[in-house]
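Chain IDs A, B, C, D, E, F and G follow the sequence of writing; residue 1 opens each chain.
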Amino acid sequence: MTLYLINILLALIWAAITGSFTFANIVFGFLLGALALYLIREQVGSLGYFRRGFKLIALAALFLYELVLSAWRVAVLVLSPRMDLKPGIFAFPLKADRDFEITLLANLITLTPGTLSVDVSEDRKFLYIHAIDCSDPDALRRDIAQGFERRIMEAFR
Amino acid sequence: MAIEPGQAVDLSGAMVLAPATPADWLVVGPVAIPIVTGAILLMVRHETRLHAGLAVAGLLAALLCNIGLLARVLDQGPLVMTMGRWLPPFGISFAADALGASLALVATLVAVVCALFATADIGAVGRRYGFYPFMMLMMAGVGGSFLTGDIFNLYVWFEVFLISSFGLLVLGSQHKQLDGATKYAILNLVGTTLFLTATALLYGTFGTLNMADIARKADGLRENAPLTTLAVLYLLAFGMKAAAFPVNFWLPASYHTPRIVTAALFGGVLTKVGVYALLRTLVMLFPPELELLSGLIAWVAAATMVIGIMGALAQTDLRRVLGFVVISGVGVMLAGLALGTSEGLAGTVFYAFHSMIVMTALYLLAGVMNGLGGSYSLSKLSGLYASNPLVAAFALLLMLAAAGLPPASGLWPKVMLVRASLDSGQPWLAFAILATGFLTTLALGRVFILTIWRPRVVAGPETPASPYLGYVALAVLSLPVVVMGLYPDPVISVAERAASAILDAPAYIGTVFPEGAAQ
Amino acid sequence: MHTLIFRTIAPYLASLMVLFSIFVLLRGHNEPGGGFIGGLIAASAFAIYGIACGVAPVRRALYFHPMAISGFGLLVSALSGGVSLFMDMPFLTGQWTEIDVLGLPVDISTVLFFDIGVYFVVVGSITSIALALEEREHA
Amino acid sequence: MAADGQWLTFLVLILPFLGAAAAPFLTRVFGHNAAWVLALFPAFIFYHFTSFLGAVAEGETVAGGYAWIESLDVDFSWYLDGLSLTFALLISGIGTLIVLYSGGYLKGHPHLGRFFSFILMFMGSMQGLVVADSFLMLFVFWELTSITSFLLIGFDHSREASRRAALQALVVTGLGGLSLLAGLLVIANITGAASLSALLSEGEVLRAAPLYMAALLLVLGGAFTKSAQFPFHFWLPNAMEAPTPVSAYLHSATMVKAGVYLVMRLNPVMGETPAWETILPVFGGTTLIIGTLLALRQTDLKLMLAYTTVASLGLLVMLTGFGSEVAVEAAVLYLVAHSMFKGALFMVAGAIDHETGTRDITKVGGIGSAMPVTFIAAVLAALSMGGLGPFFGFLAKEEIYAGLGFASGWSILLTLTAVLGNALMFAIGFAVALKPFTGARVKMPKAPHEGPVLLWLGPLVLAVDGLLAALFSDLSHRFVSSPMASAVAGEPLSVSISVVPHIGLPLLLSALTIALGIACYLTLERGRAAMAATLTAIGWGPDRGFDQAVRGTVRLSAFVTGIVQGGRLDVYMTATFIALAAALFVPMVAFGELPTMPALPSLPFYELAVLAIGFIGLAAVLHARDRLTAIVSLGIQGFAVALIFMLLGAPDLSFTQFMVETLSVVILALVMTRLRLSPADHRPTGQKMLDISIAALCGAGLGLILLRVTQVPFDDTLSVFFAENARVIAHGRNIVNVIIVDFRGLDTLGEIAVVMIAGLAILALVRIRPGVAPLKAEKQPARAVEKVEA
Amino acid sequence: METILAATVAVFFAVSIYLMLSKHIIRILLGVAIFSNAVNLTIFTAGRVVREVPPIIPEGLDTPDRITANPLPQALILTAIVISFSIFAFLLVLAFRAYQELGTDDTDGMRVAEPEGEALPPLGY
Amino acid sequence: MIELLQNLLVGSLMLVGSFFTFAAAIGLLRLPDLYSRMHAASKAGMLGAGVLLLALALFAQDHSTVTRALAAIIFLLLTAPISAHLLAKAAYAAGYRLWEGSVHDDMAEAPNGKKQPKPRSS
Amino acid sequence: MIAGQDFLAFAEQAALAILSLSFLLTVLRVVIGPSLPDRILGLDMLVTIAIGFIVVIGIRTGYTLYLDIAIALGLVGFLATVAFARFVMSRRYEEEFISDEARGQFVEKSDD
């Protein structure tokens, strides 16, 4: 976290030096700052900061891919003359146990068409997910565990 | 900054360049001081011990401002300040003439007394949940209504005092209050919304909101615009605020439900704002339309006064009696509007002064009587003369005042209105006024003998409330009642000035738009 | 409300909304927005926070009672209109000045403070309403 | 307008009020002996007025005063001629005696000070009434007499009869006062005169005016109620509930004579018309007969006297309206005589009551030996009342018969009326003066003995006065009767009748009267029984009518109020919106303010879609069967409005509308959580049809007037100004926002005040719960946490 | 456009008034909400209508470069919206509390302040 | 050239975005139960709006519009799942059963899936 | 260039048409319900479509300032849903709310 702050500080300093506090300039300063921090990676301790950054980007990419793909599937489904639906709610056993991770996972699942987080069990061991196609819950569980859940854990641990 | 450095902008086409002296700010004080006081009171909401002092101080400051304002207006003519220095009609003008300034003064006087009375009547809970802020903002709204020269701004001030009155009305959440407040709120909301609708149409017609601007454009538009319908809409909207028959349901439904000091403030002040607005719009903006409508207004006036006082006769609860007396007084004031003559309007204005003070005093008196006798019901409240002759003295004076009998203040405005009715060839209106006076004598005379003279019929409270603060309040209010009754000349001349202020629209226009500034 | 997901995200959302509300407030003079809309957004933020996490954290976060904030707002607005008394100008005349913040020229005006007052009034009152109603729910 | 030294008259006019203010203190210091001090006030007034006697006797008038209410053209001014001066002297003279008598009569009464105060205020009011010159001053004092007499009659307020009588007097005479005011204002309207002195020269104009009749009836409405003319006579006997000094004062010289004063005062300007000469004698004569007959019925000494007062007032009105100069002289003489003998007899009745504990004539007897002075006073007064020589009443009666004469059928009728009335009064007067004192002593609540000087001084002085005034009739005519008669007649008259009888018709009639009177006296019991039977048979009178009228008024009021203020909100709303529909359509149609037929515009499809959404939302709200559907539907129409704003170039509005709609829905949902309201519409079909019609009319009216307004060429000066200056001067590009915070910042200040107060009011609503005990104070972090309040 | 808006206004007013004529407080409140929308549209229409051009001066200019929508009615409506929202919120809570305390949402049943069949005042003296 | 490209791209995105929105609306109407409908509304709808915002970002000339459009997308992404989740949870908790054609319901057996009506929470 | 603008204009009109249609369809869902959550979902969807609508209008007119409204809707629009969800959940415990017949495809009963 400290590194984030230092990076932001560097971005602000950059903006001050260049005398322009436009958004683009600050973003540019942030990138420059990240580069500068990368240069001194040995002094600041680890590369985790940057690795995490890449993992986050990967997570985002996965999400966007899933989003567009499944949105398309839903669109096709609802526009097809005969809808073949096998909806249902299945319980997904959570590996993630931090509030933040569970929340993120649940939201990503919700945002991905075809699945919808309905609730978290009171012991926080299960996430109940409604799927528009619940013919094979185990496959869905596997997809999520391998997909979003793994990437989230990677990005935030 | 739009203006680049060194780029000079000519302000003379947009702004009033003459400096505004601190003395000009007298016109702002009656509104700004209560607002600021109310805001501060809210910030120290939990320090309930400070509230009464702050509120009384704020209102006294506003009162001083009002006195200064009226003195200046009487001395130098109307005082105009256009907010933000923008030339009228672009900015919102406050335009205090004798009518607005005098009514604002009397209203503030009444409020000071109520604030004083409330120090004993309103406990810590009432204070914490906003009694004094409500009161302050209500007076800001009332003052703003009397002083503004902009019709939409008038709407805003109406809403300010309306919502404040809601707050005062529900404070305590007794069943009766909630019931009364529901009717009060919904009906009044309809009334103000009609006012807003009429104002929207007025704006669509005139393209302006400044009342002086409207007045000077009205003649040019009369051929071409639906001004009569607009005037009727204003008559209806303000008639509701003034509690004119047949749109006065909200008043008897609610005025007896809140704390007595709230009822006193309402009974004194609120309906008069409606009457004022009727005077301001119909007399100043739509004189030809007023003439068309005068027959209708006369009937409304007569019905309001007679039905009002009949309502008073029918009630058992003293507060409800007073609510109907308020309505009856509104009818008397409307009579002057119907006549539209200088003397009639002066009578209306004088009656408004009188009614503000007397109705407030009567409600406070009812509160004192309840404190001593333990009831508001005419079938229970009794035996006060034996224990508290001073109450009897105040009661007698105030009832005489309300009935329009000497030596109290109600006589002279009635005389003026009766005379004006006869002069205008409307003897039946004079008859209605006198008959109302007679029925008021009967109604309040009955109240007097039942509550004051009649020996105790039920046991009073074990520990009667101390009436002394009430006596102080009543004394403060009775003084002007007697003075106006014995030597009404100064008040009449103020009322006449006020009447001529609205009758002489060109003069008003001339003060708002000196040397024809802007078009 | 009893939901982990909402409770977790609500504070962040609320702070984001408050930030956005300030943005809307400050640019109101040139673009759509202003004190009232900004205030409504901020009040919505507190409402969400309150619904998700309960009323007490919101009250603690605000420190002052919402109605006191509202009163403060009205005071600020009224007083910013009163500044012109000292300039021999009528009530509510806008006074503009330019000050230097970190070498940047920033316009400061009574009009801005007026709008900030509006913002506080709206935030305070609407939050007070929402919290009072929400609290009643759990009483 | 006034001569030097008029300040003294002014002082004299307000002196009673000063005395009234001092009375409670003096009484606290001196007890009942304060009467001696307080009597100095009227005595001084009497003395002051005697100083004008000379000038007035010479035919002059004394006028003076100060400007009072310049804007209404009202002066505090007085006009002293024979009429007003006589009245002023009677008021202050008898007033002096009454104050003394009160001290004796109410000795030891806890509220004696208050009583003195009231009676002095009353005296001042009466004084002002009779000397007032300007109309409004006359009216003011007229009403003051009603009010002060209300206080006096209700003095013994713990008795219901007293309260009733007081209210009755107030209501009846108050009604008359308003009638008088209207009459005076009509007269002022006709003649332009604002004062009596100015009016005196306007008689011709007034009598010829079309409104003369209205003015006459209104003025007489005042006079007749005050002077207890039939059918308004009932309040006067009831007023006997007052302590006897009040009765003696009000009913001899003052209150009830105010009406007579008014009639006499207006005689020169309004008299000599057929209306005047019909109405006055008819009402006066009727009152005379009815008063005497009712007096016959009574056994209470005071009531017997009270009804004879009614009768005497009738006689006075009859005489004044008769229209001959001699009748006027007779009225004057009778008025003076009556004031003295009636005052004396009332005080006698009070003394008897005070000493024996009863004033029922059938329960007192043989007290003459115990109260010799009172007895003497009583007999002297009765002689005057009976019209026997050599008392002033004799002069009056002779003049009455001379005045009425036997000239025509009309005058014969009136003469016979007078004879009959006088005979009955003769009988009753002697009944009061003789029956209690003579005969065998009967058992009475108290053992009688002569009262203190304060109790007998007054009656004795008045009774002796009646004798002296007659014996020295030259003097009394010169200074009193002639000037007064001249004033009433409006031309110089000289009264010359003396105690030396002249043989003629009047003497004959007097003899007839006395014979009849003696006969009545001897058959008093039988007459009383007959009257009682008659009245029981009739079973109704104006007195009961008064109660019925009051109750009827209250019942009628309750009925009307129940209709117009029935307590049902939906009725209130229906009436309001009917008024709105009328307010829209009547002027629009009547004054041609309907819009012209517009061309149909074409809209882009998406605008139509947005409008359609709005209408669907409205329809859904109307149709919603449960409240939440209604709320959601409400949200739809709100969103549609926001989109309309957006499409029409109002981003700020759209923004705000979206936010407000959202928050409205939120608050609705929060409130609804606890609330189960039934939104299903249970209106019966008829009601539904009515409501739909009203709503449709209002909607159509508002739409039409809006359309009409938009057809007026628009003046966009303001908006152009705002656009031109928003950035250049006010430094903002968003014109709407610049208007809100700068051009029209004051609106916004008011608006945020509304927001703040709404928040506070809602807090008060939610937090304050009646009947719930306050929770224990919580430990609160900072000041943030509210306590729940009771 | 004004014609269409006037018609829209008429419909909004009619619907809101019909709702307000009901005895059920919640319908009255729904009517009140629509009432204020109707009035706002009235103000908007009365100030005449221009499509889609917001009254905002483009950056770099001192005055608008074309005819914009009329800003004044918009400012007035903003004020009116805020006020009516505040009052609506108050009414809502008031109705809620009245319902809680009085146990009815039917205005016919709200007869505490003006009870039915009240006794006459004393007819004596 | 760039402008042409921009126009084409913006136009295409608009069509795509409105298509997704439309699909969502159709789904909202056609799908059999609340939970299924939410799939359409919360996602296809959100995606539609997101794509349209993206179109605006591409269309706009100034940075601030671009950044604000992107911010709007992020805000949508943040709030849309929350409302969907809350609605689904609430509906389920309130007793809104799955469509009878549903094939699976783990929640019905879960301890917190069978909450019985209990007294008013304090 | 012209082609690009023509296409853009076409796309604007098409998008507006499609969005208008979507609006109406969504409103239809709100009106027919049948249950409260269905209506709420419809309202939520309406907000989303409104955002799209605002954007298209913004592109059509060139007034990007409407974007702020879209942002606010994005942030605050879900508030209504939250409130309703909260309402539905709190109603859970009131017996009358869950009547037997509503257990399946539950339809909120009229309250009386």
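The rule is short, and it goes like this: a contact is a pair of C-beta atoms (placed from the backbone, for glycine too) under 8 Å apart; a residue touches a chain by one contact, two chains touch by 3 or more.
Keep in mind that this is a model prediction, so the values were computed, not measured.
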Other chains in touch with both chain A and chain E | C
For the pairs A-C and C-D, output the one whose chains share more C-beta pairs in contact.
-> C-D
Between the Cα centroids of chain D and chain G the separation in whole angstrom comes to 69
Would you kindly tell me how far, in whole Å, the mean C-alpha position of chain D lies from that of chain A?
-> 88
For chain C paired with chain G, centre-to-centre distance based on mean C-alpha positions, whole Å = 28
Rounded to the nearest Å, the gap between Cα centres of chain E and chain G is 24
Check each residue of chain D and list the ones that touch at least two other chains.
-> 160, 163, 167, 550, 554, 558, 565, 567, 569, 573, 627, 647, 651-652, 655-656, 659-660, 662-663, 666-667, 670-671, 673-674, 677-680, 702, 706, 709-710, 714, 716, 718, 722, 724, 727-728, 731, 733-734, 740, 742-763, 765-767, 770, 783
Mark out which residues of chain B touch at least two other chains, giving numbers and ranges.
-> 1-2, 35, 38-39, 42, 46, 83-84, 91, 133, 152, 156, 159, 163, 166, 170, 173, 175, 182-183, 186, 190, 197, 201, 204-205, 252-253, 313-315, 446, 449, 454
Could you check chain A for residues that touch two or more other chains and list them?
-> 106-107, 117, 119
Who touches whom among the chains?
-> A-C, A-F, B-C, B-D, B-E, C-D, C-E, C-F, C-G, D-E, D-G, E-G, F-G
Give every residue of chain D touching chain G within the complex, in rising order.
-> 605-606, 609-610, 612-613, 616-617, 620, 625-629, 632-633, 635-636, 639, 642-643, 646-647, 651, 654-655, 658-659, 662-663, 665-666, 669-670, 672-673, 676-680
Counting only contacts in the complex, chain A reaches chain C at residues 16, 19, 21, 99-100, 102-103, 106-107, 117, 119-120, 124
Name, in rising order, each residue of chain G that touches chain F in their complex.
-> 1, 3-5, 7-8, 10-12, 14-15, 18-19, 21-23, 25-26, 28-29, 35, 37-38, 40-42, 44-45, 48-49, 51-52, 55-56, 58-59, 64, 67-68, 70-71, 74-75, 77-78, 81-82, 84-86, 88-89, 91-95, 97-98, 102-106
Contacting residues of chain G [partner chain E, same complex] | 57, 61, 63, 65
Residue ranges of chain B in contact with chain E within the complex = 2, 152, 156, 159, 162-163, 166, 170, 173, 175-183, 185-186, 189-190, 193, 196-197, 200-201, 203-205, 252-254, 256-257, 313-316, 378-379, 446, 449-450, 454
